[in-house]
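Shared chain: chain A. Partners: chain B in the first complex, chain C in the second.
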Partner chain A sequence: MFAARYFGEDTFIMVKKELETMLQITNLQVAYRQGRQSVRVLDNLSLELRQGEILALLGESGSGKSTIAKAVTGLLPPSAHIGGGTLHIGSTLRVDMDMAAGKGRGKGRGKGRGKGKGIQWEGIRGRGIAMLFQDAQQALNPVMKIGAHFRESLLYHRLASPDEVKPISIRLLSQLGFLDGERILECYPFQLSGGMCQRVCLALALCLKPAVLIADEPTSALDTVSQKEVLDLLKITQKELGLAVLLITHDIAVANAVSDRVIVLNKGVIEEEGDTRAVFSKPRAAYTRQLLSSRSQIAKPSRERESSHAGEPLLEIIGLEKTFDGKKRVLHDVNLALNRKEILGILGGSGCGKSTLARCITGLEYPERGHVMYRGADISRLRGKGKRGLCKHIQMVFQDARASLNPGRTAMQLVQEPLQYMHIGNKGERETLARFYLHEVGITGDLLSRRPPQLSTGQCQRIAIARALVLRPEVLICDEAVSALDMSVQAQILALLQRLHKQFGFSILMISHDIRVLRSFCHHIAVMNHGSFSEVKRASALLHESKQSYTQLLLRCAGDMEEGLY
Partner chain B sequence: MSNANHPISLISGIVVLSLLAILILGAPFLAPYDPVKQNVTERLEKPSMEHPLGTDRFGRDVLSRTLHGGQTTLISSVVALCAALIIGLLVGLTAGMFHGSIIDIILMRLIDVLLSFPFMVLAMVIAALFGTSLIHLLLAVVAVWWVSFARLTRSVVLHAKNETSFAAARVLGATNGAIIFKELLPKAISPVLILATFELGSLILSIVALSFLGLGSQPPAPEWGSMLADGRDHFMQAPHILIGPALFIFLTVLAFNLIGEGLRDRLDPYEKSEL
Partner chain C sequence: MYRMLLRKLLEAFITLFCATLIIFTLIRLAPGDPVQLLLGHPGEAALSDKQAYDDRAAGLRAKLGLDQSMIKQYTAWIHKLVQLDLGTSIHTGRAVGAEIAARLPATAMLSAAALLIQAVLGLFFGTVSALKAGKPGDNAIRLVCVALASTPAFVIGLVLLSVFAVTLGAYEISSEAGLSRLWLPALTLGLIGAPQLIRMARANMLAEFGRIYVLSALSRGLGRGRVVKHALRNALLPVITMIALSLTSLISGAVVIESIFSWPGIGKYALDSILLKDYPVIQGYALVMVSLVILIHLCVDVVYALIDPRIHRNREAGAEEHV
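For the complex of A and B:
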């Protein structure tokens, strides 16, 4: 049934690759229990993954893409209920999904087989389906050396004798770009960077020679450079081994960079599927077009917007140094100036010290040396009342909007909080102010009395922005404020910030690892690498003028992945 | 199996505890005899229709004494627990909030000292200094019991300080007091309450044990621990006089442990799966 639909439309694919199906999901239905209601996440979903292809499953949060991955590996939480569906792995293994459904309650409908015993997942996970998780560092056992991870996997699945473990793992690691495999085997996960951990996870997955590899947002937590690195390796090893990969992602650029075929998923329903090039160059479904347009909206190079350069800078950072635990140097001689009404972007990979810089400016950390000058006064070493007074001038919006809001309070209460702390106005005035700013960020009506758990991430970020602006600060620091959001929401929040900036005239310090966001949004971009700034350039000119090799590398990585997207 | 959807332990714990509470709090109306009235002609009688649990060596009705004694034991342990809980929360919040400062160091060393000091000896020292009474017993219990709450609260606070909401509150200009009571206290309260229900069981046992040693409430007032001590001399001839207090101690501790387990299933963030 599935095949007929597919071949009817793109006949040439049948001729080109008549390959074995490695993973086939038929009519999968999953619902989540929430209190008394049941929310249907996947509705009769069918898909097919063929040998030697990378199939990208593209969707925004809540589209059910991770639920698919969890369902086929038996990792769904107890609140999930599988209504039905079948799973074929390779040519031999067939699994009826409803047998896995709610172990206890399924007994009555067990059709005499298995007596509600459920599926033998041990035989499927690892050998049949291997999995790559978003946070590789957390996926590894923190108290086990990398070598022990390999030993465990290989010996458990009886793929090697104890003597062979080491050579096999070193060979695998060298395939994945580790030249010093022997040293890596002796490391603990926390000694490796996020990108290295993800490569180790990939090696661990591959050492079991799985039929199918499922990668659930494997690069979303990585910065541009290591993202590119991991994706390239994934593509290369996949081609070499002829592996079938199901790549789950929210990022069009990731899907574009590596996948052969793409399925666009929206609210548990497949909106569109087909050859990656075809889908992105000639999208048929309205939803795909919408995704692509919100993306290009973000990536559009900025119009010429000039900031005022008159007078002394509003915020000036001079020779800032910060060391953690007396040895790890995070900031090294940082110099930066932010002018009135300017939007300045700080671009850097993970671990470059950009968040520490933000924490030093807002007084959450004390620098060892150097000064943070605000209107000519040093604010870096203020304590007590002086520091609290600073929050009327410098405010911050965090990456994880939901975590930055107290879950027990309503939107109205949250925005009034800073006013209470600063003893501004009486109760009525505070309410009016809060209502005004919430209205400005688009939170109105019954949303005002909702609490963060009942709001979407985008709405939470809007509340966080309103809360930051209610004190009318001169400087707004956005620490990866849009990185955790879906593409379409990202575009909305950026547009909102731009409008508020025009309206209220504050300066923005925009910290991000994403060059697209900064290029469209900022006047100037400062590139940060290993704790100091390598250069500051006009946003529009960064592409052409930059001579720094690090900036070039960042630009190249971002550019490669987007090739052919517009 | 007990989980959040089928809170068997929580419900059974509450049922047992409410039955006990009705019996104990209703003692003045339910108890058949005056708990302190002696009747020398009816010494050490076996259980009968008149005396369901028999009589003790002064001819007092064991059932009546058990019910009345429960009031002393239960009320004093709940009072001691509340005091320990409040002290523990305040100390833990302060130590966690000013982590690494001199206040934190002093409080933590004080806790170390208290933990390494034998609790029974401390109670005896207090009794020796101030005389034996229930109040002094409770003081000794509270002086030791706040430690576990303080430790738990401090660790929760240290964890919460790494979260974004803590940094956000700081940036918004929240005072230390506002951060402690609005951001940190709500996070600490549910694990501490769960611990409290578990601790209440062992707290009752300690109060009973100290009374057994003669440090708590003084005769002729009934109390489970001192009743056990009373029966000690005669349990060869009349083992039944131990059954009443022992059974009630057992049921009360069991009920609180069941409730504690049920609450943990309900509230503990680490036991809950996503969604």
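For the complex of A and C:
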């Protein structure tokens, strides 16, 4: 019966009351305890989410946007303290948040959240407020089939009888673009890609018919194509169901592509609020203008940058092949040449093999066939001493800056380590060198003696860059080096890399799924698809000249999202 | 799945073969001569009997096959093993296989009971401890764990024995070895092994509670019992390894507890044989233990694959994008 009422194609009826408020947050105050100090994250924040709209909450990391999502679902960690505030869900439910701050607040890890005399969160979560998380693959229990997730949710909330579970799940999955729902239900999360998992999570959230959906960076971990796909589906289903969606994002393009209204959040305070088009075309707050300009700075097409083509290439990849587990072909006949002082971009969606290529070049993986020629010598099968020597010439910067640094070492120690390992200089010289390169990347003063947990992600990436450059390599490989960063920090790091490139004259192999980053930064862009390069073009020409359908698809996805932004 | 099992079985046979080599060599490398131990030391015999002693010793050696080269002895042993014959004891002349078979059930029963107690205590208190992390309940559990883990096994055994058998009179130590006598040694062994399991279960549960899928399950409005179940299944894998390791140490190392409770297990039999250098018995015992350990680990691998789908399914099965 439920199924027919809620999920029938024709019988679906929802009374659309355009202006009914679905979620109202009033004067929310949240602080985190750090040691003995208390850091205030949200200060008297109020916002209103209406039925049938997508409200984007735009802010950089540390702005408190995720804290809002966690606060209204009672999922704050134990170190958080709710100072006060009121929550209205739908027209009937009212929650005093400081009640949650009393007995029910953040009990234990996992279980106690929402128990006790405070708020009955279990009644609110799921049916009242549903949530989407950034990393969808991690948001599904790895040892449970997709079908089991649906079964559990539907049966637990008594929304279906055991026989109805399967048809309901399949119909929901088909709404979200899965043509073979039956097969998907039998899959485990690890058998699906990130984009597919996010669509499954969306179906899983929708099966409970929530009043409000909070999507916390739902597409940040996805590549451009799946990002577009998930956002489109989110928008379509939202319009169909008249759902109220709170979309939390750091990406202006995401907010621009799907939201009706936008709230710009900075350090726990609302800077600007209004209609999405109006805010982005005529930003009133200085902070919004700053966000927009750092984005356009990145997206600005590059000018007057031509690399010298003289002589033989510095790094040449010939016919590289790599398979995993003996069957899964990751790289297939990859050919590429990197010239001296050139910046070459590698563009591709997730799973196209671009990271494996980087690992083959740096000797972290051994290819089955083909050669990686560096200054005319094959380096792809070096072992032992030869491989270690390679580190002096080729260095890599990783996506997750914080995870790539040993959390127990200070910035100075981290940058000195490669020098020690390579037996370069004495103690004093190593210190001077480390200090010089850290100064070049903008890490000075008391930052030198801090450890990664006490630094921001951007600062961590600066240290990682200094650590890579301290050996004076000729080739720097940046594997999604700016993808995890905020827009303004992204712009800073890219500018830094550009300056260092000019100053020290190394070549850069820039791997990214983000066409904007590459277009502004690289001389040439090689487009990678299914383990091989479909084309290599001059960065400025890619937009107009490319006839490859895959490149066109990438360009279209990126272009659609940015429409009307500049 | 079946292919994995087949491969594991093959590996098991190779391991078993290597084990026979190592067992055989090590026992013969150890000092001491079984014949001398059997006949008494030659120095004790009068000088005139020396010749007779030597004759008797040589005769016995020949009879036991100990005068032959190591390689011949080894092949003879393997030849018998293939026919599932563990040989006969030098000392008692009884068949080793039958002797072990008579004692193994008692030890197996004790180990199984102890393991059950360990697993129940470990998972229950581990989960409770994780749920109450940082609170008095958690602290109390951890304190008891440290205390238990740092007390020698025989002390725990003796204390329990004096409390239950002497003070309370609830335990009859001299009765027939059966279920009524099993519970106290099993409890003792369970208490000895529980702390490490509790600590491990707690650490794993805490790690799982921090995962996003737990937040996600909570955000779907599931109750706490449900969510704990989600986490438990993921936290179980390392705990199972621990339980298996603990089972092997239980079976082979319960000697102390067996003697305190005069439990007719295999431990005492093995210990006596080692002191007498009873080659066939030691070899047989060691081999049975190795086989058991291999078997247990085989079971663990199967259980692993049952619990964690990632182990026997490969990624490709459903990985193609369907737009």
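Everything below uses one rule, namely that the second predicted complex is superposed on the first by the 534 of 566 C-alpha atoms of A that agree within 3 Å, B and C clash if a C-alpha of one lies under 4 Å from a C-alpha of the other, contacts with A are read in each partner's own complex, and residues count from 1 in each chain.
By definition in this document, a contact is a pair of C-beta atoms (placed from the backbone, for glycine too) under 8 Å apart; a residue touches a chain by one contact, two chains touch by 3 or more.
Since this is a predicted model, take the numbers as computed values, not measurements.
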- request: Based on the superposed arrangement around chain A, label chain B with chain C as either clash or fit.
  value: clash
- prompt: If you stack the two complexes on chain A, which partner ends up touching A:Arg359: first (chain B), second (chain C), both, or neither?
  reply: first
- prompt: Should A:Ser79 be classified as contacting the first partner (chain B), the second (chain C), both, or neither?
  reply: first
Field: Which superposed partner A:Leu213 touches (first chain B, second chain C, both, neither)
entry: neither
- prompt: Does chain B (first) or chain C (second) touch A:Ile248, or do both, or does neither?
  reply: neither
Task: Using the superposition on chain A described above, determine whether A:Tyr32 touches chain B (first), chain C (second), both, or neither.
output: first
Message: Going by the contact rule stated at the top, is it chain B or chain C that touches a larger number of residues on chain A?
response: C
Task: Look at A:Glu122 in the shared chain and tell me whether it touches chain B only, chain C only, both, or neither; answer first, second, both or neither.
output: second
- prompt: Touching A:Ala403 in the superposition: chain B (first), chain C (second), both, neither?
  reply: first
- request: State the stretch of chain C that overlaps chain B in the combined model; pick it from 43-51, 79-87, 115-123 or 133-141.
  value: 133-141
- prompt: For chain B, which residues count as touching chain A in their complex?
  reply: 163-165, 167-175, 178, 182-183, 186, 273-275
- request: Going by the contact rule at the top, pick out the chain A residues touching chain B in the complex.
  value: 32, 34, 77-80, 359, 362-364, 388-392, 394-396, 398-400, 403-406, 408, 417-418, 421-422, 464, 467, 471
Field: chain A residues within the chain C interface of the complex
entry: 73, 75, 108-115, 121-127, 129-131, 133, 135, 138-145, 152-153, 156-157, 177-180, 183-184, 187-188, 190-193, 195-196, 201, 204-205, 208, 226, 229, 325, 327-328
Statement: Residue positions on chain C within touch of chain A in the complex are 130-135, 206, 209-224, 226-228, 230-231, 233-234, 307-310, 313-319, 321-323
